[in-house]
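Order as written gives the chain letters A, B, C, D and E; numbering starts at 1 within each chain.
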Amino acid sequence: GKKEETTANKTSNEGGKTVIEYWHVNAETQGGKTVDELVKEFNAQSETTEVIAKFNPDMYKGLMQNLQAEAAAGKAPAIVQVGWSFLNYFANNFEYSSPQAIIDQYFPEDKTFLEDYFLSNVLALAQGPDGEQIGIPYSLSTPVLYINRDLLKEAGLDENGPKTWEEVKEFSKTIKEQTGKFGVYIQQPADNWATQALLESNGAKMITDGKATFASEEGIKAYQLWADMVLEDQSAPNLPWDQGIQSFIDGNVAMLYTTIAQRSNVQSNSQFDVAAIKSPAWEGKSPKLPAGGAMLAITAKDEEQRKAGWEFMKFLYSVESVAKWTEGTGYVPPRKDVAEAENGLKDFLAENEMMNAAIEQMDGVVPWTSFPGDAGLQAEQLLLDVRDQILGGSISVEEGLKATEQQINELLQ
Amino acid sequence: MKEIRFENVWKSYGKTEVVKGLNFTIKEGERLILLGPSGCGKSTTLRMIAGLEEITSGELYMNDRVVNDVPSGKRDVAMVFQNYALYPHMNVVDNITYGLRVQKVPRSETRNRLDAALKMLKLEGYENRLPKDLSGGQRQRVALARAVVKKSNYFLLDEPLSNLDAQLRVSARKELVKIHELYRQTIVYVTHDQIEAMTVGERIALMNEGKLQMLDTPENVYHRPANIFTAKFIGSPPTNVVEVTYLDGKIMFGNQSFQLLPMWVKQVEQSKTSRIAFGIRPEHLEINKTADKNTLKGTVKYVENQGNSYGVYVDLQGNEVIALSESKYWPKGETVYLKPFMNHIHLFNCETTNSIGYPAELDQEETTLERVLIHE
Amino acid sequence: MKEIRFENVWKSYGKTEVVKGLNFTIKEGERLILLGPSGCGKSTTLRMIAGLEEITSGELYMNDRVVNDVPSGKRDVAMVFQNYALYPHMNVVDNITYGLRVQKVPRSETRNRLDAALKMLKLEGYENRLPKDLSGGQRQRVALARAVVKKSNYFLLDEPLSNLDAQLRVSARKELVKIHELYRQTIVYVTHDQIEAMTVGERIALMNEGKLQMLDTPENVYHRPANIFTAKFIGSPPTNVVEVTYLDGKIMFGNQSFQLLPMWVKQVEQSKTSRIAFGIRPEHLEINKTADKNTLKGTVKYVENQGNSYGVYVDLQGNEVIALSESKYWPKGETVYLKPFMNHIHLFNCETTNSIGYPAELDQEETTLERVLIHE
Amino acid sequence: MKINRFVSIPWHLIFIATIFILIFPIIFAVGSSFKSLQDAYNNVLNIIPIQPTLENYQIFFNSLPAIQITVNTFIIAAVVTIFKVITSFLAAYAFVYFQFRGKTVLYFLLISTIFIPFTVTMIPNYLIISKIGLTDSIWGVILPQLADALGIFLMRQSMKTIPISLIEVAQLDNLSHVQIMRDIVLPLIKPAVTSTGIWFFISSWNEYVWPVLILKTTDNFTLPLALQMYISSEGGTNFTVAMAVSVITMIIPLALYLAFQRYIVGTFTSSGIK
Amino acid sequence: MSALTTGVKRFNRENWKAYFLLFPSLLIFAFFMFWPFIYTIYLSFFDWNMISPTKEFVGLQNYIDILTDPKSYKIFGNTFIYIAILLVLNCVVPYVFAFVIDMVLKRFKGFYKGALFMPAFISLVVGSILFTWILNPVSGPVAIILGWFGLEMPIWSKMDGWVIFVLSLITSWKVFGYNFIVLYASINGISRELIEAARLDQVPLWRIFFQIVLPMSSATGIYVFIITIVQGLQYVFTPIKVITQGGPNYASSNAIYHAYHEAFVLYRTGHSAALSILTMVIFLVLLFIEIKFVERGIYYEN
């Protein structure tokens, strides 16, 4: 039947079109439908290429696992989404083609495509340590602070929310005292994205010259604030991510520090006056926010596939596609001109004010730190372990961070 | 009062009625034999007494209390199951003593009872065997031993000796009786062995199709069967029962006849029955080659070895009757003459199948039918 | 040649020797009864014939072939298991006909055999019951029916009627014999019922402790026991066997004595045995209240009901002997006089426990001991 | 059997309590599947939705080839179950009724595989499936699951409780092994076969880790994969749709269980044996 | 027993039939179990991330790393705690339940049987998501109800001890029904007469359970015992992965999850392989001990 023909080995269909696979992680709640629409649209208009989209559960980690199995079998899809935290790992271990290389080789007409349409700090997100363009940023997210205005009002606080982390702490404490509810929940997934935002905004650096340096004074101070809220004030619950979000949506937590990708979930399910404000800064400092989301990388092996891959990518990065993409996912568009364009997001942004917080803080975006080398992932894990320890109260912030920093540095050697 | 009383007890499985209105009393301390054809409800009755089978309707009294709802463990009953129900994972000793250990009978006492039971049932040397490594008869003995050691007030035995050889059976039942004479539990004992029934039973309850047919001493059951079923069921070869006509003090077999004793004549006249069946046990039918007064003529059909005598099957005007003889030389087709012992005949009402009763003179003649107890 | 031959067959389970050097032949088409005390190895022997038990050493021949290694399915054997071994998930009909269906016996044939078996064993009406809904006797009948319908050349029955009532047992065994007369399979039949052994068996093999004791016709086993074990095992109550001294044609019981017939004297002298045991069956011991010539004096110990006669236990100079009597009026302690039928005595060599043999005159007297076949 | 009534009352209470605890999540799931997501977030205590909606089910049916996915799942589960039962049964039969060289070692070897972490087999199995070209095919999902050590284990244990006499009768009747298996052994261990079969089915039906690796196109997806499409840490889990998919996922195994439940009763194998 | 040996002897010549019957299972196992296993042993001597073209041979280093890492002991400790909890919840409890429902109760048996099995239909993934909601310590229904009584629910997913217990409960919830039903079928198959015989002896229920039912159903009992261990080892993986990812700080990780974590999160293939092998070895030793010692006490008909 038809099924067998869609296997990875199949490189062209009956119509002589090149068949390529596009691996994504977009569940239905995260733009899955949009992926399907885009693919359908593309397939309808392309005369040379047919795209098959494969959904990979369990986010970028899940995709990476599947990719690994595929690679072990000596095969590869044409295009994959690579989460930022996997940037280094991906670059070190998988075969890929730099998009510019493909453009240069086969599509001279697109030579300046990247330069023309992407901010350089955005493009830089997808560059390896040596500046090589590994892929092209596709989904961009930043952390924002969602606030329950009703609760803030109830606690007699400014309904526009806190501007700084110090204020967040104060707000939280007040909320706890006034309403008995929790003040803030800072997301705790199995990565250090939010942690990085917290620390680096205070001037710490996760990495300096290939060495972990987060246990600096600024780093410790920033972390301490979080730990104090959890342990001392008990105004921030120590919950897993989904339970934290759930508790914010049903009104048990007044503020939620998490990705803008959660906007639609929060917006459509909360029954209070909800708003998203920019990520808090530290007093006197400007926030540095790691970019979340993913880039698209080309892993296709043979020429036809690569060419087809770029054709599809180019389609995905058109203004219309990116706009659709943004509407469907809640991610920030990677292309600079989309937000204002008539055929872009103009109307959408007008309707969904909460997006603005994310778009406005784009200039503060820095790459998501991805520890270098083979032990990078392990290093990342150590940082997660110490988060559990600190927030669980089994170790002091200073001690924990210092020890971890040291361990990581040993690993990275 | 270790008495067991059935008051209109019924038992059915779904729509199948298995026990149909039992009404009788098992006296305290007696040995009652439960006899009846296969499938007549003996095991079911026993199991009701043990409390293993729910009573569908009616009341069962034990010790003057209705026990319909008393759990089996509370009835102080020991039972030998027809299919043994040995614990397959316990060896002989454990099987036998398990109940005692549970009831915290002292060690030494347990040991004594065990030893006695092993000895009584010749199970010495098999103490550590699992049931699966025993022969059929050995398993049955273990089952019996398990019940014997319990010394319960009620002792129910469901064909406890059926798989044992004659010698062992005789010795086991003697031992059982000996134990009983000592402790006087109330025993209900199912057996298909009629000699066993006669030797062990103080009274016999005969069942058929879930109904009680007769309940009396072995002598009476044997010599004064209450109905045709009883007469035919007890004794082997079975009682000959032939439908006859009664005429003027005579019993007519087709065109042959013989004269009843006056006491029988009186009995028949009193009972006012018209259709009569005549019964006589094979051993009460003398077979001769020559005619005599009051004999019936027939022809030999065949002879069957009955162990220590021979059963001669005789065609008597189309009815097959059996007579016992010491000799086996009864050629087929030979004409023979049968002479019933006139004291030992049975007459039944053909309609009800019940006995028309026995002349009072018979009782006097045989003096009192007191039990001859068995004791060594 | 549906003959079965044992040549020095041994069977042991681990270290337990269960069958010890069997050496005998079961003739083609005969009905052989296997008799013996519980646990003597009967079932084991049957199971070896069926091929269910490995033979430890020796050869088993069937149909003149060594079958030690022939799988049971290839031996054309039907067997009634002592424990029935019914398929619990099949109803009565399926249990009975399953083997036939497997062997692709035609439908109508199966139906006929089934009907005949159901009728023979009075199982009509139970066709759709599962084993768990049957009484013990009914289960046994199903097991028997299952074997009967197979019409195999070898037919092994392990106490097939032990749980049936006397009537059913009699009719079932008659039917079995009838079937056998028709098909002449080779039948090996284990039973504990001696009447059954006598009536069914053409020959009887008596085993004890894994060894063959005697193999002969029922008459000979009964009347000419080859050894003390046989004499005591066969017949109930058992043969009285008393150790005596022989002196000058006389048998001495302590200070009493009686005169042997001349033919016996000759036999004893021939056999040159010094220590002699004297045996006599209870029914060959007349008991009287008055002395006679050649009687032995004893005192009554007790009386036991034997069904249709009474067993009188008499103390004879310290030995307990049993005599049968029609009457039960033998008061305890009374002095009685026992008179052996001098034709029916048995004399054994005390050392070997074997019979010293029977005088040739006895055979002439009783003419030929030909079988009385049972046929209707 | 007569039991003291008072013994049973506390037990009934215990069972009712246990069952409440066990069933509550299911009711919660079913209830949620008829709620709007907003309702689910904000009214957790209303187990029964105030305004029931079929929206969640519609979302599922509209966004995915639901029928195709259910059929895929069913084929996988059914084929896997049937094969596992058959291969386990045959192997167990060999272990119980045959004596052969290497039996013990082989048995130990087979049984020991139950302790092999799936992390060990995942990638190598993927490589094999990929080599035979069965990726993105339900057959690729099925193939490695056609035998099961636990199935062999349970069936062997069950077969070992069959009284040997029953096999002997069969031997006397010269039954072939096929006949013994089909007519004697199988009916007698039916409870074990049925309960394990149902379990195999449910396990395969709910299997996620392995199919995720093999299946790529939504047309080939199974229900648990479809469910994953509503679960996302970053975009938020659509709890109510996920519950709707779960409820749909539950229905077929449940129906199967109801159909086969009556076979899960003891066979009284001893009732034919004295 | 005896007959079996005959059977066995006779079947001897039919050896090939046995292999024939085993063939399908062996074939599947050879490819999809044994080969990967051997390959894993091989990998356990390398430092590799599964992708990179070079594998570095490190000898026993992976094993040494594991054995010297205190985390490993914590994780193995957790593994056994999971198993211990599940043995109680999913072996002992269903055993007792099956016994009581079959032999003590007269009414509602069918209902109990069906109801106890219900959760088996739901996958552990769904179960985990469900419990994340239901047991949300801040806003889940349980927390709210506890709140009415002034009780605060522990934030179990972040607390040592609690986290293992709750994850075990979730696993147990799912597999309880199957273990129960298997045991039930086995207990239900015990001849009623044996139980009756015991009742006549006034054997108390607990003794009937321990001394008759347990030994008589031990063939199945040992199966349930072993699968419970497997469940404690393999099944808890899903709730760990969905709910805690082994956290907080490995407090809920078990050997299998950790092997997964090493292999598919950290891509330390060699390390993961060594861990898998160690896990296997530990459990094979346990299995071997079981076969050597426990098996003897098991009652088989043949």
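Details
In this section, a contact is a pair of C-beta atoms (placed from the backbone, for glycine too) under 8 Å apart; a residue touches a chain by one contact, two chains touch by 3 or more.
Everything quoted here is computed from the prediction, not taken from an experiment.
Within the contact network of the assembly, the step distance from subunit A to subunit B comes to 2. Ranked by number of C-beta pairs in contact, the top chain pair is D-E. Note on chain placement: the centre of subunit C and the centre of subunit E lie 58 Å apart, centres being C-alpha means. Mean C-alpha positions place subunit C and subunit D at a centre distance of 58 Å.
Look at where the CA atoms of subunit A average out and do the same for subunit C: the two points lie 94 Å apart.
The geometric centre of subunit A is 37 Å away from that of subunit D, both derived from CA atoms. For subunit B, residues touching at least two other chains, in rising order: 51-52, 71-72, 82-83, 133, 136.
Touching two or more other chains at once are residues 1, 3, 5, 9, 50, 133, 139-140, 191, 193, 196, 199, 264, 301 of subunit E.
The set of subunit A residues touching two or more other chains comprises 65, 68, 72, 242, 246, 250. Across the complex, subunit D is touched by residues 50-52, 71-74, 77-79, 81-89, 95, 98-99, 102-103, 130-132, 136, 139, 150 of subunit C. Contacts from subunit E toward subunit D in the complex involve residues 1, 3-5, 7-9, 11-12, 14-15, 17-19, 21-22, 24-29, 31-37, 39-40, 50, 97, 100-101, 103-108, 112-127, 129-131, 133-134, 139-141, 144-145, 173, 176-178, 181-182, 184-193, 195-196, 199, 205, 219-220, 222-223, 226-227, 230, 233-234, 237, 255-256, 259-260, 263-264, 272-273, 276, 279-280, 283-284, 287-288, 291, 300-302.
Of all residues in subunit D, those touching subunit A in their complex are 37-38, 41-42, 44, 59, 63, 122-123, 126-127, 130-131, 133, 135-138, 212-213, 216-220, 225, 228-238, 241. Of all residues in subunit D, only 1, 3, 7-8, 11-12, 15, 18-19, 21-26, 28-29, 32, 44-45, 47, 86-88, 90-91, 93-101, 103, 106, 108-121, 123-125, 128, 143-144, 146-147, 149-150, 152-154, 157-158, 160-165, 167-168, 171, 177, 191-192, 195-196, 199, 202, 206, 208, 224, 227-228, 231, 237, 239, 242-243, 246, 249-250, 253-254, 257-258, 261, 264-271 touch subunit E in the complex they form.
Residues 49-52, 132-133, 136-140, 155, 157-160, 243-245, 247-251, 264-268 of subunit E touch subunit A in their complex.
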